[in-house]
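Chain IDs A, B, C, D and E follow the sequence of writing; residue 1 opens each chain.
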Amino acid sequence: MSPATPGGSLLVLALILPVAAMLVAFVLGGRAAERLALAALGLGALLAMLVAAAVYRAGAPLAYAVGGWAPPLGLALRADGVTAAMLLTAALVLLAVALFGRTGHATPPGLAEARAPFAFWCFLLALSAALAAAFLGGDLFNLFVALEMLTFAALALACLEGKPSQFRSELRYLLFALIGSVLYLLGTVLLYGGYGTLDIALLAGRARADAPTLLAAALMTAGLAAKMALFPLHLWLPPAHAGAPPAASAVLSGLVVKASFVLLLRLWFWVMPPLAAAAAAPLLAALGAAAILAGSLVALRQARLKLLVAYSTVAQIGYLFLMFPLALAGDAEVAARAWLGGILQASSHAFAKAAMFLAAGLIAGALGHDRIAALGGAGRAVPVCVVAFGLAGLSLMGIPPSGGFTAKWLLLTSAVATGQWWWALVIVGGGVLTGGYVYRVLAGSLTAPPVTDAPIGDAPLPAAASRGPQLVALALALVSVGLGLLPLASFGLVQVGRLGAAP
Amino acid sequence: MSAVLAFLGLLAVAAGAGFFVAGTAGVIRFPDTPSRLHALTKADNLGLGLVVLGLLPFVPGWFFALKLLLVWALVLLSGATAAQLIAERVRGPEPPA
Amino acid sequence: MSGAPIFGLTGAALVGLGLFGLLVQAAVLRKILAFNLLGAGVFLLFGVVAQRGGTAGGGADAVPQAMVITGLVVAFAATALAVVVALRMHQITGAATISESDGAEPGGSDAA
Amino acid sequence: MTLDGVLAGVLDGLLAALVLAAAGWTLAAPAAFPATIGFVGFGLLLTLAWVRLGAPDVALTEAAIGTGATGVILLLAVVRLRGGEEEVSAATPGRALVLAAGLLAGAVGLALALAVLALPDPAPGLAAEAAARTAPLGLGNPVAAVLMVFRGLDTLLESVVLVFTVLAVWSMAPDRHWGGRPGPEFPRQDDGPLALLARLLPPVGLVIGIYIAWVGTDAPGGKFQGGTILAAMWVVAWAAGLVQAPSVADRRVRLMLVAGPLVFVLVGLAGFGIADGFLAYPPALAKPLILVIEAAMTLSVAAALALLIAGPPEHPPERVT
Amino acid sequence: MTGSQYLLLASFGAPLGLLIACLWEAPRRRLPGLLWLAPLPALAAALLAADGPPLVLDPARLRFTLALDAPSALLLGAVALLWSAAGAYAHGYLGGKPGARRFALWWLVTLSGSLGVFVAADLVSFYLAFALVSLPAFGLIVQDGTPRARRAGEVTLLLAVLGEVALLLGFALLGDAVPGPSLAIADALAALPDSPARSMVVGLLVAGFGLKAGLVPLHVWLPLAHPAAPMPASAVLSGAIVKAGIIGLLRFLPPDAADWGGVLAGLGLATAFWGVGCGITQDNPKTVLAYSTVSQMGVTVAALGMGLALAVPGTAMAVAFYAAHHVLAKGALFLAVGVGAVLGGARRRTLVLLPALVLALGFGGMPGTGGALAKAAVKPQLGDGLPGLLAALSAMGSTLLMLHFTRRLAAVRPAAARSVPILAPVLLAAWLGMAAAALLLPWALYRPLGLGNPWDVLGKDLAMALWPVLAGALLAIALARWGGRLPRVPEGDLLVLTGRAGGLGEAIGAAVARLEAALRAWPVAGMALLALILALFGTMLAAAR
């Protein structure tokens, strides 16, 4: 592996820009922090596009040895197809959430600096830095530090409003995520003990199928699954994401979960011995299937809108895990298709879920509550939100022409091609159940407002009715649907740097 | 560094260890907290002093010896303060003189 | 310089104890204590790997030791954060555990 | 096995047994306070274990941060989190669950032990390469070289984590407290043992802390260990009421917090110009640059640890009188 | 791109164009009025672009292909005509009502899907069109907002989604069977015979399209949705939207599917008799018509099945002709019910009841009517032997059912103060226009479509054509006298059984929720994590041995 490819310095900028911005914003404080955050996130989106273009043009992963020290001694930043796609997704969602947050999290006129707004912008930058570090990192221990940073930023963002019930939920999230991180760290120590290096590129292909390596893989997989709230380990996600402020829960559900997913891909497709990976993949996929079915069923029965959307996250994460047995099934062409399906599901879910949470937040803001049974009148109060929620729902259900559909179609066809038709049934069953709870919300919000509390219906509603945030939610939903319109060939970016991909 | 110094050092360390054992026995056997504090602060600090004294001949340089003595001094200071605070907490503040 | 495997076993035992404590201890602070035990166990394993990797004369392998120092600081930050959240939870709701046994509606919120 | 080999084995075995005993006590202790005291004891024993493993830097860090700072935070919390015994006993899982959890945790521990034993004994590490590359940089301590040079990005990210953890702790306070002083207010004690300690110890502690931070590049020590000692000195003075915590909105405190990582980033970016890349040091200037960064980092670590120990602001800001 | 290809694009593009135009205020205000214009390009495409060269958009990547062969053109023409007439009717019928504009939006989306289904020639665009024709129909059904309409809409949506799911799985298998990247239906059909999952694919497709066409077990949504929907929507639902299932079967069943032909024939005939059996017990004329649609679709599918089983050439055109006649006649009859509900006295008898009677008898195969020609067209398929007899019996049943409908239509009391006091002339024009089309168009198209000479059908064995009609009339008289004693069948007949299934679903949901809540307890989740570690480690270790 060449220590540094030409585009390498782009990677450093993509990582250091949010870090430096966060430090300076912390010192400046108040409104300067907000302006700096918007500028940094805008620039970050630009940098993400440049990185994606560079990777696509180069057709090979970009690498950069930090400090001039090539691995194994030094650390390397790497950007292959997956990194470029997820970096771009994260940058766009963060920018959208920042624009959404301008109304909800602006420093009130009277004060030089208020707690929640100032903290929101600093933590958004910290989250952006942590995501960049998690996607670009090439060393497993460096990724551990990035994961911890991500967990702390997510926790701080979720606790922003200080609601009494939120501290308990967030403490459960922190402790469970910390167990996950420590298990991940346990895996890294066994790998270092066995191979003397933690660099992913150097570890690729060298893994022996002996006890320490396999235990390391099991520990790291379980740790990352805990941080991704895979079905039996999902106890922390619904309360934490439902109770967080809308902007925070959009980022939590959309992006924070995906960082652990990228690490899982690094582990399973680069580091682990292929034979062991193929053997254990069905177990992961079975849990994913359980997540899809149980998550959707419980979401169908939720009484509150935000909890419903949170359980939808638990369900949609299951799809990401269906990808493992399909992509490890040996046949190169089917593996490439399943790989693209998984990444596209991750990306389109990020956009769709962010749009859904923003819309849910605005609907709850407009109606004063988020009980699904009494959502009447939402359609008239915040019409654009309901449309955004519907579009995002379509993408999650996998109705053409949405990004979700293309992802599920790819997973479906590769499941059929490899003869593992049961995953196909789960995908389709999940789609129907998702349709169930999306319909529940749409039908509820399109009904006429209850006659009793008349003021809700047409009273001029404060922040929620303003067009800005609603249009942001709509834009995110449109991007998620738009991903479906992109023809398949243009997704070649995702295949770059995949082991076993055609060189 | 002659064998005599080494032997004396060894003797001092052994004595120090003995005082530590006495201190620990005191903590276990004594009935109430203040008397246990005595056991701890008196016996253990003296024990540590003897151990430090015993190690001095084996020390590579005078700067290292200075650091050892500094360790002893700091333990003395913190031990005394802690004992006072705990005693104050257990017995209540000093009755007015 | 192969040190006795005793510290490796100690590290593994600490991990087991830490996990057990995290699962079973109900009080929040006891859980944070158990988490620190778990972390100490993992870092001890780093130390064992460092010692084993050491060259004959040159002492232990510096890279895992540096990782442990970084890990300790991150673990401290995590403990500080967990303690503050636990204190705030206790001050507001008087709760001393994070179990959901009281059937409280998980997380659901009223107005945003 | 030579005589002192046997003795070393016995000592290690004894130490390991003590460490596990302390850990067991921390879990089995009847109440939270004794458990925390047991944890502090466990930490000190662990420091000895690190010395036996030939890692003095880590022993220092474990003593300073792993045991000292963590112990202080937990003790402060235990004192303020009294009560809730019945809730705790209600939430404690039944005998069957405890047994099952024990079995599972034991199984994972056993698997881990087997895996550790199965690791290749002369582990293929980077010891030789790290040691060889440290000398030309002008550094004596390979651990410092790894922390500052080879894996500089780790240390940078970690210091950034410390900074925004402080902000995260501050943001847990209610809105009206923003601008107030972090942590509880300790009454000013002019006489009594704590006042004596608070006046006598800090000067000595400052010298020792700076010395340890300074010596870090050549001998065991470094910014984290030195920074923690400085923070401890401030905590002693603060606990005795001699000093007050600075307001949350105070620009100087934020500059102190951010100094370390910001200097690190700036020197790193300068690396593009004067050296061959980000976080690279020109061979001639390596040592001085590293010392500059170490100094700034020590300052930041000290401020961060002290403020983390203090916690979120607990009173609204006093009206400017 | 030749003229005909433009027409193909315009056929389903026009409604979408109008939909986009509604973003601006001006067209939106006049929307209900423009509904009848939207299907006209499709009508032109049917007339001019039949058998034109297929249109392939973006051949490199998307391969979005449109094509129109003769049978599809015929159906497209008939469906477009019905949509246009129903659109005009809807303008008159809805007028200033509050939900008019929202109804028009749903109408346009469903229209684009309904037309697109006939021109789409690759898997993805066909799936997209099929989704557009089945899901937005929900909007049309729940237009009145009554609980009965909402329940009908929900049942329809649920079954439509299940249909979509079956089709998605079928298309996935089809897509997988095709060696190259091409997604065209033709290639898929070519690759089907040798694909391992051939029977599963055909089964899924039959289930998906059968549900839309209303074959027996899956027909329950039809009698529920049509009466609940407003009048123009019922006309379109029964006439045009159901035909999406027929064109799907026509286009996707491989010519060599002889084994499936028998199954389809059996299903079709069973559906035919089931439709008649349930229809005669209904009171609401719209429900009777709905069951008549179920029955007629049964006959159509039976004809297709027999055509496949006996490998009769020209089956597609014959079945298309039969279906086209049904589109026109059934659509007209629904409009008749609408007009009948408003018109009163003598004018009602002459302008509504008489033409309705003629159309009704047409379904029975009364010589001289369009229906007779339709039955003659499918005679080679259902010609002789047992299927021939059964077909004749079903004709008798249809006559009985339609006479029952006519009696129920006559019995409808035009409420005095109806919401539409004066009969908008456009309603009458639409109804009469469709009635005329249903009678005359079959005569006009019979020869050009190569089905033979219409006149000699009239001349041939009158007896064979007449006895089903007469027998049906006798039965109708008997039904009129003793009808009261028949058991009252609830509208969705089999749906009652699913009531208990709902309970089962609820129980499963509750059980899963309890399990999930148990898993959220901290110790249990922690142990699940440790168990996952051990399980992963165990599986990988076993694999490594």
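Everything that follows uses one rule, which is that contacts are C-beta pairs under 8 Å (C-beta built on N, C-alpha and C of every residue); 3 or more make two chains touch, one makes a residue touch a chain.
Just so it is clear, the model here is predicted, and its values are computed rather than measured.
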item	value
Interchain contact steps from chain B to chain D (minimum; 1 if touching)	1
Shared interface partners, meaning chains that touch chain C and chain D	A, E
Which two chains share the largest set of C-beta contact pairs	C-D
Core chain by centroid distance, with centroids computed from Cα atoms only	A
Inter-chain centre distance, chain A versus chain C - centres from mean C-alpha coordinates, in Å	26
Chain B-chain C separation of Cα centroids, rounded to whole Å	33
Whole-Å separation of chain centres (CA-atom averages), chain B against chain E	96
Cα-centroid distance, chain C relative to chain E, in whole angstrom	64
Of all residues in chain C, the ones touching two or more other chains	15, 18-19, 22-24, 28, 32, 45, 48-49, 52-53, 63-64, 67, 70, 74, 77, 81, 85-86, 88, 95, 98-99, 101, 106
Contacts with two or more other chains, residues of chain E listed in rising order	520-523, 526-527, 530, 533-534, 537
Pairs of chains in contact (touch as defined earlier), listed by label	A-C, A-D, A-E, B-D, C-D, C-E, D-E
Chain E residues within the chain D interface of the complex	523-524, 526-527, 530-531, 533-534, 537
Touching residues on chain D, where the partner in the complex is chain A	111-112, 114-116, 118-120, 123-126, 129-130, 133, 149-154, 156-158, 160-161, 163-165, 167-168, 170-175, 177-179, 249, 251, 254-255, 257-258, 261-262, 265, 268-269, 271-272, 275-281
Complex contacts: residues of chain C adjacent to chain E	19, 22-24, 98-101, 106
In the complex, chain A residues that touch chain C	73, 141, 144-145, 148, 152, 155, 159, 162-172, 174-175, 178-179, 182, 185-186, 189-190, 192-193, 196, 238-243, 245-246, 303-304, 306-307, 310, 361-362, 364-365, 368-370
Partner chain C, residues of chain E touching it in the complex	520-523, 526-527, 530
